[in-house]
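The letters A, B, C and D name the chains in turn, as written, and every chain counts its residues from 1.
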Amino acid sequence: METPCMPALEMSPAVHATVVSDRREPAPGIVIVGVRAPQLAASIRAGQFVMAVPPSGERVSTALGVYEVEGDRVSLMLVVVGPRTRELALLSDGDSLALLGPLGNGFDCDSLGDDVALVAGGVGVAPMLLPARDLVARGARVTLYYGARTARALVDIALFEAVGATVVTATDDGTLGHHGYVTDVLARDGARHSAIAACGPSPMLRSVARVARQLDLRAQLSLEETFACGVGACWGCVVPLDRSSAQAPKFPDAAAGESRDYVHARICKEGPVFWAHELRW
Amino acid sequence: METPCMPALEMSPAVHATVVSDRREPAPGIVIVGVRAPQLAASIRAGQFVMAVPPSGERVSTALGVYEVEGDRVSLMLVVVGPRTRELALLSDGDSLALLGPLGNGFDCDSLGDDVALVAGGVGVAPMLLPARDLVARGARVTLYYGARTARALVDIALFEAVGATVVTATDDGTLGHHGYVTDVLARDGARHSAIAACGPSPMLRSVARVARQLDLRAQLSLEETFACGVGACWGCVVPLDRSSAQAPKFPDAAAGESRDYVHARICKEGPVFWAHELRW
Amino acid sequence: MVDTQPSLATNLGGLLLSAPTLMGSGCYGSGEEYAPFIDLARIGGVVLKSVTRLPRLGNDAPRLVPVASGLLNAIGLQNPGIDSYLANDVAKFADRPCAIVGSVAGFAIEDFGDVTERLAARAEIDAIEINISCPNVAHEGETFACDPKLAERATQAARARTKKPLIVKLSPNVTDIASIARVVEAAGADALAVVNTVRGMSIDVDRQAPKLGNVTGGLSGAAIRPIAVLAVWEVARAVRIPILGQGGIETARDALEFVLAGATAISVGTGNFTDPRAPITIADGIRAYLAARGCASIEEIVGAANPGYLARR
Amino acid sequence: MVDTQPSLATNLGGLLLSAPTLMGSGCYGSGEEYAPFIDLARIGGVVLKSVTRLPRLGNDAPRLVPVASGLLNAIGLQNPGIDSYLANDVAKFADRPCAIVGSVAGFAIEDFGDVTERLAARAEIDAIEINISCPNVAHEGETFACDPKLAERATQAARARTKKPLIVKLSPNVTDIASIARVVEAAGADALAVVNTVRGMSIDVDRQAPKLGNVTGGLSGAAIRPIAVLAVWEVARAVRIPILGQGGIETARDALEFVLAGATAISVGTGNFTDPRAPITIADGIRAYLAARGCASIEEIVGAANPGYLARR
């Protein structure tokens, strides 16, 4: 994952003391929080993430993708699932919020070809706006396959259309688009694509990997896992990865003669984006 | 503590599902939250308290005095000192909040005579508005001795004046009223009073008790202590009390022949208001 | 999906419960204190506050310290002693529309026998729980629950004096709780309560002194939940008698962790201080969970996440 | 008030620290991962991730579960093994502008001796901490830290092979931590790290299975703070060597609880995951606390709330 879509200002990660500038709730339980974060906005690349420091302490930080980037402002999309996302969703204008970032290696947009399928499940849509924008900007055709439980949870479709992506939807309950999984639509219509980039819950990503194999396409998957440090220090967020992957950390065999063909890679450090065919799930 | 100032609708305590109707912040770190709670408003008596259920769970409930009561509305005054008061202070209009109450035995206003000194330190002013109003209503002269760290923390003086109380202030830093402790003023000027009722941090209440002894006045003290249940179930909030007090719970001697002249009374159940001369601090 | 409501009834070592939700000893008084807030007929039962041979004034204040996701307490077993308790308190428990479990604490082996016998003799009492997390005054102050021999003898002493269901409450403050559980089972317990509070303390940095009057106390609440779930998991693999799970239960999902680990019933302590409606929302939540999975009874899921438990039944 | 800034410098069993704030093993990598976020010159030191004789792939995912006010982890000591570590990693630690403590874990007594010797021989390493919270494969899997004899032998094995300061890290999962501490002191430890994680588990009620790949894990974070403060308090009364306090420290006031209980220095683990600036705000807060009380050095307040500690020094 060497070349990002749009070469951003190369800057090492830092703690950014940001201030909330705006907040909207496009659907119940989904909150988009905008913050002023000039350095972060200047340096973040598609698919990288930040760690949000909990305003009250007492909990570990939360990994969040970066949704929009415009000028000095970046926004975060929160789906409230537990105490940390609940607390962050309560932030309002003027509140301060510390963010660590940019972290991890994002999507390698240059390797995705000219007709890219972006696949997003639920909050997995958050890190998809930046690659959609960047891919369109370099002339690629972009289709966003976007699935959620129900129509209301499919947020901001117009925003993706505005950056030039075609949006194909699916809902578990059939209230919008295909009635069923978005990966079914991908399997049916996806053969024409040059490559896939996906983000969403693990079961969806496994299904994307299967479909990609069937369609003989390469797929970049942004994995979800519970993080503690988010910076590669604790080895809490691993996934088994081909030893031959360019992203694989160097690691000796466990014992002489006992050669394993995979290593544990840190999702926060070597990822969060991996090539589907290199994962040993 | 038999007869309350104004005989309120006798009603057993309950869980009240209330909704926040208003919120103001009279000084930094002090928040007044109004809720719609018709049954509670109809039944609460001066000096009783409620337990506020934490909106997020994971913490024990918080004991709070009831500040204002008007029609269906009661209000709570919060001084943010820790995680529970911080969370409650974040409540905003329309949020729901469960309150248990009314709890405990309040002030016995009828026993306070005709020229009552109310003494409040910091957030100890919260449960003082109801007795001030009730005492004035039954014709007593009421002086509120009100102390805080600094002028800004002396909130709502006008509200106490509006119900007919004279307000005497003191601040630790001398920014308003007497420069020093409010109990110094009481010691100097308090001889004319018929009795004292006080609420505030423990050191202040101990000092009120000393002053009351010097002035030969009876004093009712509303004690502060960490509560867990607030309903008399856990015996976590005790204070040593004269065995002869009318409020003393029945309790046998620890062993034959070993007669103790005090018992542990529950502040939440037998109190929170006790006669100063009956406490065995 | 099943047509009828799943059953929450369960059998805890001979104690029949209409719901698997008991209220923890020391946290619910005698039930009456909470009666204004919830309908006691909808809970499984109340474990009464522990009673001792002699009256105890308890520890000096402060007795409670709120800590992160929990509570430290050092009440010191304040109670009127068994004589006064039998004379003045027990008759009132007859009114409670749920199971009533007497709790017995002691500082000598004989205490467990004597107090258990006198309390269990009363018709108002459906079962006895012995709280063995106290120091043995005759044995260098060693805690009964932390020494296999002492735990065994306390259990035997109580067992010999009642035929009512006998629950023994274990402490998590041990190197190997499963070995203590096995000894207590062999000594005749009908069920095990797992677990009591975890030892802890907190220091007031302004006063440079411990916050609790008693210096040390017991940690309870959500903070200890992972410790308690593991204790249930390990005990469930070691014994065949049923387990009453407890430690930080506030919601139905919390309670289900204990049931899936191998608890037949659960107990809510500190959770009542968070919200007294917890026992009702927990029972309702468990019922909904069972219904969604087509289970007719809670007994179908006891230990379902614990292969070591299932292998032993 | 003192005119000059109070000193935070301290001596942990021969390890000289410019600040009393170390970063806990396994939570701070090698320091380099956090270098973009804070100035490492302002912390006392880093305790490196534990290294073992052979490489270890570690446990299956998931390895982390967030719980109330804390974290459950089961990393399984993933590390490249001492050969690769010496060849590829240790030289990098020379850059770190703070003390570097190597951490050694083992599954056999010999591991502690051999790995300690090889690691301590390197100039980049200022001191060794041994992590004895691992099962002894030759001894029915009993944990070194939970058995006095095993803890003693592991300590002796490491002690015999280095003259650098030796810190032994104790486990809270024991009936009596003070007795283990005494044995380890007698076996030659220069300081004690108190405490490692508390054993716990969490169950996914939807999948009806444990959440951690390894089933059980270690609980850390604010949830265990009262347990850890008590452990420090009890160990401080039992030994004369200094204590490195840890368990749930996030703020200066948290850290001061440990210092007042008897810790000479403290370690921040999970607190870094909450906010990587914690070590700096903690050091600043301690300095302000000392200044407000007119103390010239942190050493003046070590154990100030623990009479039993003060009596032994």
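The definition used in the following text is that a residue touches a chain if its C-beta (ideal position, glycine included) is under 8 Å from a C-beta of that chain, and two chains touch if they have at least 3 such contacts.
Quick caveat, the model's predicted, so the values are computed rather than measured.
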| item | value |
| --- | --- |
| Number of steps on the shortest touching-chain route linking chain B and chain C | 1 |
| Chain separated most widely from chain D, comparing mean CA positions | B |
| Distance from the mean Cα position of chain B to that of chain A, given in whole angstrom | 52 |
| Between chain C and chain D, centroid-to-centroid distance (C-alpha), Å | 34 |
| Centre distance in Å when chain B and chain D are each reduced to the mean of their C-alpha atoms | 45 |
| Distance from chain D to chain A - Cα centre to Cα centre, in angstrom | 34 |
| For chain B, residues contacting two or more additional chains | 58, 83 |
| For chain C, residues that touch 2 or more chains besides their own | 68-69, 222 |
| Chain-level touch network, classified as line, ring, star, complete or other | ring |
| Touching chain combinations (by label order) | A-B, A-D, B-C, C-D |
| Residues of chain B touching chain A in the complex | 56, 58, 83, 86, 90 |
| Footprint of chain C on chain D - complex, ascending | 67-70, 72, 146, 173-175, 198-205, 208-210, 216-217, 219, 222-227, 229-230, 233, 248, 253, 256-257, 260-261, 289, 301, 304-305 |
| Partner chain B, residues of chain C touching it in the complex | 26-29, 33-34, 36-38, 49, 54-58, 61-66, 68-69, 71, 73, 75, 78, 80-81, 83-84, 88, 221-222, 250-251, 270, 272-277 |
| Of chain B, residues touching chain C in the complex | 12-15, 53-54, 57-61, 82-84, 98, 100, 225-239, 250-255, 260, 263-264, 269 |
